[in-house]
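The two complexes that follow have chain A in common; it is paired with chain B in the first and with chain C in the second.
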Partner chain A sequence: MTVMRDTVVKSLARVTVQADENGLIPEYEVLVNLLPVALLNTFMERIMAAAPPERKAEVEAGLVRAAYECGYHTGCGIITSDIFNEVVLPMVTEGEKDILRGAYAAFTAWGWAKSGIVQLKEAEKMVIRAFDYYEADSGGDGLRGFMLRGLSQAFFDLAYADPYPDGMDTFVCHQTKGIEAGDPYGEFIVVKK
Partner chain B sequence: MPVHYEESIDLMNKDGGLKGNLSLTNITDLLQFLSSSAKSGVIRLQSHPGGEEGKIHFVGGELVSVVSKNLSGLEGLADLLSWDQGTFHFLPGVAAQKTNIGLSVQHAIMEAVVLLDKQASTTVNETLRSDERSFDMQEAERSSTEVMNDLLEIPGIDAVVVVGRDGFVIESAGSSARVNIDELGASLAHSINGIEEMGSELNVNRFQDMFIEYGRAVIMCRPVGDAVAAIITPDASKLGIIRHKTRKLFEELGHSF
Partner chain C sequence: MALRLEYSHDDETHRNFLNGQPVVMHSHHYLALITKLVEDLADMSAPEILRDAVEDTMRAVFDDYIAKNGLTSAQDRCNVGREYFSVFGLGKMVITGDENGGEIRLLRSHVDEGWVKKWGVHNKPINHFTCGYVAAMFGAAFNKPARSYVVTEVASIAAGDSEGKFIVKTS
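This part shows the complex of A and B:
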């Protein structure tokens, strides 16, 4: 048995993502912001447009970093949550590889990106493919999957770097293909920094 | 009364028999058609462009003798199954002078396909070893999309799907658009999981092939790297030749996953 994506998606999709009085989703103990993706895309494009050409790479790195920080901390909350333990852990037979499969299934269940693992060399490299991610609709030039880059890097750090919170910045994620750039899918490759 | 092969040459000149081109029907289909109608006789084959000759004698549903160039028996049949260009001529009622197979048509085809697989595997391994030697100079790996498009070129293949072990549909090509591809991915992953658990319980190797028959349609699955590729064919009679022709491409696809 390995983690079955459809089982995870069906189970997690039932969870109500409504914030409690502290602004947290009770099942995951993580902060929730129900914002339309158009707002996030507009924010990203405006901040990119505002940057002078020589500083665009810095702004891009900042956007990836924001997703990474969020992904690392909330990702840890998610993979240690009761519901993740209840739904995913019984199917885990391949250790971290299965935890990552479960994490991308969760990612899909919440509508962030229909994404999954294409290739994984434990603690070395991971190739992710995404077919439906909101950043593909940003309308900007070039590859725009900053959120997926940050989160993929965070997930791999959580799985294979030093235990939370000491494993930050061990791996790095590059985007090599993007729907926004005319490719049939987005491709993200995580490797050692 | 059966006639012998030499006599059949005269007969062929007198009686046209059944003639055709291998680009229109393959040898597997031809044998299955003739054996299902309980015919007996010889099929003479000539390859194009090489002009090599082959003969298949059968009686009812049983293959009696096969000769192809200097190969005979199952080796000869395996060689003939790999021909896709050439002509055939069936002459009814012609008896073989000696027996070198003695298996049912279906059984003989399956044995010959297994033999072809082994030969292809040896060739692929040799090619891989040779590629490894020259790898320092070039890294010309084709993309999974290119390999999948090549798979679709094989006659009889309707669709190709590559699915992760968790059921994530990594890539699909062909007429899979009419099915719910995510449901298919999930079903395949669940099936493979069950089969691998069974293999583990039985303490045998990891699964290598899985065939699911639905009437005439077949889904054939094979591991490609850490993922599983499935091809969908609406015509099970082509499975032998499909299995042979896909082998090398599946090996290549495995490099991407």
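This part shows the complex of A and C:
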């Protein structure tokens, strides 16, 4: 058996996070927040619009970095969490490949991106397609999947780079297609840095 | 007043909603790095961009809830923002004031505590996010247009204070 995506998505979609008496959500070894998508997209577009042409790459890199570090640290908490152990690990028969399949099912279930792996060469390359992701609604010019870029890079690092927390920045993710740019899906390619 | 919370999930897109608003989970790493990014881009007025983006988008969330629930008193309207703050996992606040301004005590703070977890105590306040949030809260409570309030962070958990403090004044 390998990871059955639909089963994982259905199981994880039922998981909701709730704040404690201090208004904090400690989960997956981090503090979680639950924010309106409009806030994240509005900030992203305004900061990109404010950047002069020669600094847009710097701003874009900062936004990807935020998602990357969030994905790397939170991702480690997710793939070692009770819920991941309970739902995904019993189906894992192909090691890191299946962990990654489970991770993209989790991305889908938790509303980050309706996404999955379409090509995977272990420890070398991964191609992701996303058919819905919140950054596609941002209304900006050009490719805007900064969050999924960061998350994809993070999870490939977690799967194939040195063990956590020493494997950061081993791989890099580029976006090659985007719903926001008129393509039917977003496409993201992870390769060695 | 206890905020009514309705969580829903779109089985086709798999997006999540809270009281009809699309929401998404991230961690303290994300907001700490966004905060650091705006600090690093201060010459581009990035802290102000973050504050204004938070004010405008949170205001829409508060106004939507207030309209749907027919809230009329300033206290109830203000409590929408205060209670949402905790629901979003952003921490816990105590509010005093009126339409001319006020003071917020931040007893717990996702942004500040996240910053400290990641980088340790900083040499100055960094919570631009909550400045924008508080401006939205006061605007919604007293039905004032955006940028009616100026919020200044005068004590900061990220900077080593035991709690955060924000002073609210009319602009």
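Keep in mind that, in the parts below, the second predicted complex is superposed on the first by the 183 of 193 C-alpha atoms of A that agree within 3 Å, B and C clash if a C-alpha of one lies under 4 Å from a C-alpha of the other, contacts with A are read in each partner's own complex, and residues count from 1 in each chain.
Just so we're on the same page, contacts are C-beta pairs under 8 Å (C-beta built on N, C-alpha and C of every residue); 3 or more make two chains touch, one makes a residue touch a chain.
What you are looking at is a predicted structure, and each value in this text was computed from that prediction instead of being measured.
K.L.:
With both complexes overlaid on chain A, does A:40 touch chain B (first), chain C (second), both or neither?
P.N.:
After superposition on chain A, A:40 lies in contact with chain C alone.
K.L.:
Would you check which partner chain A:28 touches, where first means chain B only, second means chain C only, and both and neither mean what they say?
P.N.:
In the superposed model, A:28 contacts chain C only, not chain B.
K.L.:
Which partner does A:6 reach: the first (chain B), the second (chain C), both, or neither?
P.N.:
first
K.L.:
One more residue to check, A:101. First (chain B), second (chain C), both or neither?
P.N.:
After superposing on A, A:101 lies in contact with chain B but is clear of chain C.
K.L.:
Is chain A touched at more residues by chain B or by chain C?
P.N.:
Of chain B and chain C, more residues of chain A lie in contact with C.
K.L.:
Look at A:169 in the shared chain and tell me whether it touches chain B only, chain C only, both, or neither; answer first, second, both or neither.
P.N.:
Touch partners of A:169: none, neither chain B nor chain C.
K.L.:
For A:110 in the superposed arrangement: first (chain B), second (chain C), both or neither?
P.N.:
In the superposition, A:110 contacts chain C only.
K.L.:
Considering the complex alone, what residue numbers of chain B touch chain A?
P.N.:
Going through chain B, the ones touching chain A are 145, 164-168, 170-171, 182, 185-186, 189-190, 193, 197, 225-227, 256-257.
K.L.:
How about chain A: which of its residues touch chain B in the complex?
P.N.:
Residues in contact with chain B: 1-6, 98, 101, 104-105, 116-120, 129, 184.
K.L.:
Over in the complex, which chain C residues touch chain A? Could you list them?
P.N.:
7, 9, 11, 13-16, 18, 21-31, 33-34, 37-38, 40-41, 44-46, 49-50, 52-54, 56-58, 60-61, 85-93, 107-108, 110, 113-114, 117
K.L.:
Residue numbers of chain A touching chain C in their complex, please.
P.N.:
9, 13, 16-17, 19, 22-25, 28, 30-40, 42-43, 46-47, 50-51, 55, 58-59, 62-63, 65-67, 69-70, 72-74, 108-112, 114, 132, 134
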